[in-house]
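Below: a set of structures, written as structure tokens.
There are two complexes below, and they share subunit A, which is joined by subunit B in the first and by subunit C in the second.
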Partner chain A sequence: MNDLGKKLTKMAFEDLKADYLLVVRQEHGDLAPAFISKDEDVGEVRFDAPYQLVTVLSRIYPHIPTGKIAIVSRKCDELAINELTKRGILDEKRIVKIGLACDGHTADKCRCPDPKPSKVDIGEPVKGIPEDPLVAKLMKMTLEDRLKYWVRQFKKCNKCFGCTANCPVCFCENQCVLGERTLVSEKSIPPGLAFHLVRSFHMSDKCIECGECERACPGDIPLLALRRMVHADMKEMYKFVPGDPKTVSPLLTTLEGEVMEDEHNVC
Partner chain B sequence: MTEFNPTILAFCCNWCSYAGADLAGVSRLQMPPNVHVIRVMCSASVKPEYVFKALSEGIDGVLVLGCHIGDCHYLTGNHRTAKRFPLAQKILNDVGIDERRLKLDWVSAAEGEKFQTVITDFVSQIKQLGPNPLREVRF
Partner chain C sequence: MSTMSVRHVLTTCPFCGCGCNFYLQAVGNKLVGVVPDKSDVISQGRLCIKGYNAHAFVQHPDRLIHPLIKEGSGFRKATWDEALDRIVSEIKRISAKYGPDSIAVFSSAKCTNEENYLMQKIARAAVGTNNIDHCARLCHASTVAGLVYSFGSGAMTNSIPEFENANCLLVTGSNTLETHPLIGARMLRAIYGGAKAIVIDPRETALSRVAHMSLHQKPGTDIAWINGMARIIIEEKLYDKEFVETKTAFFDEFSKAVSEYTPEKVEEITGIPKDKIVEAARLYAKSDKAMIAYSMGVTQHSNGTEIVKALANLALLTGHIGKESTGVNPLRGQNNVQGACDAGALPNFYPGYQLVANAEVKSKFEKAWGKPLSDKVGLPMTVALQLAAEGKIKAIISFGENAMMSDADITHVQKGFERLEFFAAVDIFPTETTKFAHVILPAACYAEKDGTFTNTDRKVRRVRKAVDAPGEALPDWKIACELGKRFGAPGFDFKSPSEIMDELASVAPPYAGISFDRLENEILTWPCTAKDQTGAKILHVGGFKIGKGQFALSKHAPPAEETSEEYPLILSTGRNLFQYHTGTMTRRSPNLEREAPEPYVEINNEDARALGISEGDRVRVTTRRGSIAPVARVTDRILKGVLFIPFHYAEAAANMLTNPALDAAAKIPEYKVCAAKVEKA
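Right after this comes the complex of A and B.
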């Protein structure tokens, strides 16, 4: 157990009175998520590389009926938890957040505009990068050039579904239209432009710009840039920012802003 | 060189636009024959997924027609459409497809003439834009 591990276990189990702790630790020289209870050894905790713990949380959450779960959350994790609680997938009372301010190296890697969580428990907050250079470059291009760029990028897709499997806010498992063989045929690799367009549309009111899809992508497709562009459109059109704990997605409300019934979990 | 004849899909809602299309047909209004009409129960049942699939398979333009706001058979169905498709247009623009290839309009059951003008205008617009660039791209 390293110093960070000692500090974390004390904070989670003694100060915050949680029953479980979700962290990232080093195992055989690699990073891996670990879900531990009170008396277990936490191991070599590391937080110098980006890792989306909310993805792990939302997958194991249905299997843990009781107890408080402490999670080390960056700014993006925090937004993802907000988004999932708003949609009724997580219960806010059962989740304790330990705020982690990303270091400069991690923030650079994600091209993160605001890496400071609402409550900082670990780390020193650093300044973010205000504008994504790739988005600025793409928006200056003409339509034809932009299409050429994206087609070249999407030709690298080998339909591994890494971007959906690692996404913290992609919650409709086994129901997603992308698993439908009539939309994305079994043989098609690369899966075509529709796959990526559909995914950007699904993510438009949920994506919290953690960049996990881009990191998971074996073809290095700059998916985060596409998400950011759609995000900017959403903000411009409906003044909506995903990750806000109160406001309901504009795609689930009427033109007058009333919430449609029983529609919170719809993708 | 033959003239470019676009292929266009029109999703028409069962209660208003499809009846409008019927009226236009019965009244013998002249329309370009490039449009394939697909009848759906409500314009909200046209998910943007279908539109994206059509455009990436090489369809030149997609029309989505529904009832006027407030006249929806399912009360708030077309509110959903009205919010979805402007966003879908923006996404198309972000990946470099001209957003004018997708059009959302409202046509009621009594508006056969409006149906004619919508179709004629859209076809001439797509003729100006030229063929879908994705028709040449083989994924």
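Right after this comes the complex of A and C.
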């Protein structure tokens, strides 16, 4: 166990009274997610691989019925946890966060505007990147050129579903909208434009811009930029930003209070 | 509160030859998911859809959970002792009556190196025959035969990451983005970074659509366009004169042999416009980092070995070999097809490609294994199955081979199985083939055992146990040890796969430096001949171990079966992205089955129109050997006159139709060309 490991196990199991701890550690020469209980050795803890630990947790969580889980959370993990607890996917009382401030290299790589968690337990906070340079470049293009750019990028999609599999706020499991045949045919690759657009709109009130979809894409499609461009609209039109612990998605609230004129009409 | 045990177990993907590493997530003994490995040199934290679903079939309720013995028309549960004793007594009886060469052992490219080593040891040291083979016979047998002639080694000459730095990619007979997605991803990176790709395939593929040149040859005409390119390279003096003079042999004969392949003649044979051949030849020859990648579209022909040699000729001519991002790269299909060959599961090679026919090699292995060995080269799997139908092969022990789906002309293969006096099958699921077994043994799958797979770029990668095998199922290496001991052969007392690897390393020079200890923290690539080396990333640097690279005089020849009035279309078979081979694993994985649930035939728009066939129609596809009824996918992405059917679907098995004609040297069947007709069902 290294020093960071000692610090984290003390924090998780003594200070926060957690039953489990989720971290990244070095194992077999590689960087591995590790979900340990109090009596296990946490090993050589590392933080230089941006695993989205909330994604790692989301598949284990349904199989762990009780106990408190301490999770090392970057700012993006924190936002994802907010989004999932708000929607009742995770139980707020069972999750405790150990705040990790990302380093400058990680913030650069993720083009992250805000790499500092609400409470910093480890790491030295750095300033974020105020504007995604790729988004800025794309916004300067004509609509026509922008479409051409994306069509060329989407030609690299080989339907691995890595963008959903690695997404911390994708929770539809076996009811994934991308399995809906009228939107996405089962034929070979690349899938049509609908695949990416349907996912973009579907994620527009959940995506917390962690960029894991982009990092997981074998085709290097800049999916984070696509998400950000959709979100700019969400923010402008509905004043809504996913990841806020309280605000509910505008997609669920816009009809509230409005008269449902045709409510009793039979179609 | 009692806590649950949660593990993330680093292992190697069980599907294609890319050899991506990932973590299996297990809670207690339940597999719950797959997490990509961000630090993996191959996958870089990315996977394909099969990788993400590699946990899904493992704990499926259909798994075989105890040994079975045939009784009447069904099977009854048996103990391990009874089942193993039955196999050994039957094989001994048959061997005593007809001789050991009446028996064949099939190992499996899905199994580990250690297991394949033991399976060939059972055949050779316990049964006493070199009749050991596996499904490499059906995929890259022609590569081994061809590239061993040309370069002295049948392996990929470069590593997977090198694809992204090439500036010319010549890809033929490989639908790389579907069949080797993470290699395809490297190619995409090269192409989007400005590299020029030439894709030559009868079908339009996801890769060809972003390539600089996408050319479509009539199936079965590859040697013509390859020789055509060689002719232009020689005629325009674009070849590497110094390389040819110092590193190669038979240039003059070669030069003369290809001179007849004029662009006009090539266009006539292949259908590729003549100016395109010229352009492709110039592009390949003039690029300084040019990589050839190919797969089954090249190898699965009745002259597959000759096509492989012809491709190798191009690299010899231009000196495009033995350098960074420059070489000839056969992309292996199965996760461990490279390793199964390395471990000696071939009828003509001992482990490490040491010839069975060489008396010195034989005596080395007799000393190592403490048994007299046969000097007779064994039978390839395809030939053994044909001889079974003739009553000359009497018994087969098969580890994981689903021949009733994967071999050409299944109707004939079935005759072979029906005629066997004894057939023992080891598998993880009941298959179309295990139906014919007298004894079935339940095996552990990749997630339930330790070992190594060798991927297509020769990296020896660890497989680690994540969960317990279901019921009484055992890992194949334990089954092989039990069988070996019961045959009374020495050298089957292994306590772990690590010990087996140590023995493999002691007899196979390319693996001499490899051990489980080292694999804990090091990336090892064969040839790795000493404990202080990590192995050769690039083969043939500075020249060829066999002295000189050899030009071959490959000639265009028509396929074994040509179209006729009754069968006017050419049928080609292969894989799709979502299913894998005979579907045993992927069709039990809900997310994969969701994407490709139904057998289909791809047919060109114009052909479909002429036959009155629309998208989604049920059609009947017939060849001289059989008939199946898939649905039609009408598309302009396949050449007119050509059909494509994936071979994953038992309910419309493509191999009911395929031609069992074999390549003379490699005995690989011609899966890529046979004559067919289509009608509305």
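Points worth noting:
Please note the rule applied: the second predicted complex is superposed on the first by the 251 of 267 C-alpha atoms of A that agree within 3 Å, B and C clash if a C-alpha of one lies under 4 Å from a C-alpha of the other, contacts with A are read in each partner's own complex, and residues count from 1 in each chain.
Everything below uses one rule, namely that a residue touches a chain if its C-beta (ideal position, glycine included) is under 8 Å from a C-beta of that chain, and two chains touch if they have at least 3 such contacts.
All values reported here derive from a predicted model rather than from experimental measurement.
With both complexes brought onto subunit A, simultaneous placement of subunit B and subunit C is permitted, the two fitting side by side without a clash.
By the touch criterion defined above, A:156 reaches subunit C but does not reach subunit B.
When both complexes are overlaid on chain A, the residue A:66 reaches subunit C alone and has no touch with subunit B. In the superposition on chain A, contact of A:198 is made with subunit B only, not with subunit C. By the document's definition of touching, of the two partners only subunit B reaches A:147; subunit C does not. Rounded to the nearest 10, the angle at the Cα centre of subunit A between subunit B and subunit C in the chain-A superposition is 90°.
By the touch criterion defined above, A:183 reaches subunit B but does not reach subunit C.
Of the two partner chains placed around the shared chain by superposition, neither subunit B nor subunit C is touched by A:172. Within the superposed three-chain model, A:16 lies out of touch with both subunit B and subunit C [touch as defined at top]. Contacts of A:126 after superposition: neither subunit B nor subunit C is touched. Of all Cα pairs linking subunit B with subunit C in the superposition, the shortest spans 8 Å.
In the three-chain superposition model, subunit A touches both subunit B and subunit C at residues 155, 188, 190.
On subunit C, the positions that touch subunit A within their shared complex are 1, 3-8, 10, 21, 23, 25, 27-28, 30, 32-40, 45-49, 51-52, 177-178, 181-182, 184-185, 188-189, 192, 206, 209-210, 462, 520-522, 576-577, 590-591, 594-597, 633. On subunit A, the positions that touch subunit C within their shared complex are 19-20, 27-39, 49-51, 55-56, 59-60, 63-64, 66-67, 155-156, 158-162, 165-166, 174, 179, 186-190, 215-220.
Only residues 47-49, 52-53, 55-57, 69, 76, 79-80, 82-84, 86-88, 90-98, 133-134, 137, 139 of subunit B touch subunit A when the two sit together in their complex. Subunit A contributes residues 141, 143-151, 154-155, 177, 183, 188, 190-194, 196-198, 200-201, 204, 226, 229-230, 233-234, 237-238, 250-251, 253-255, 260 to its touches with subunit B in the complex.
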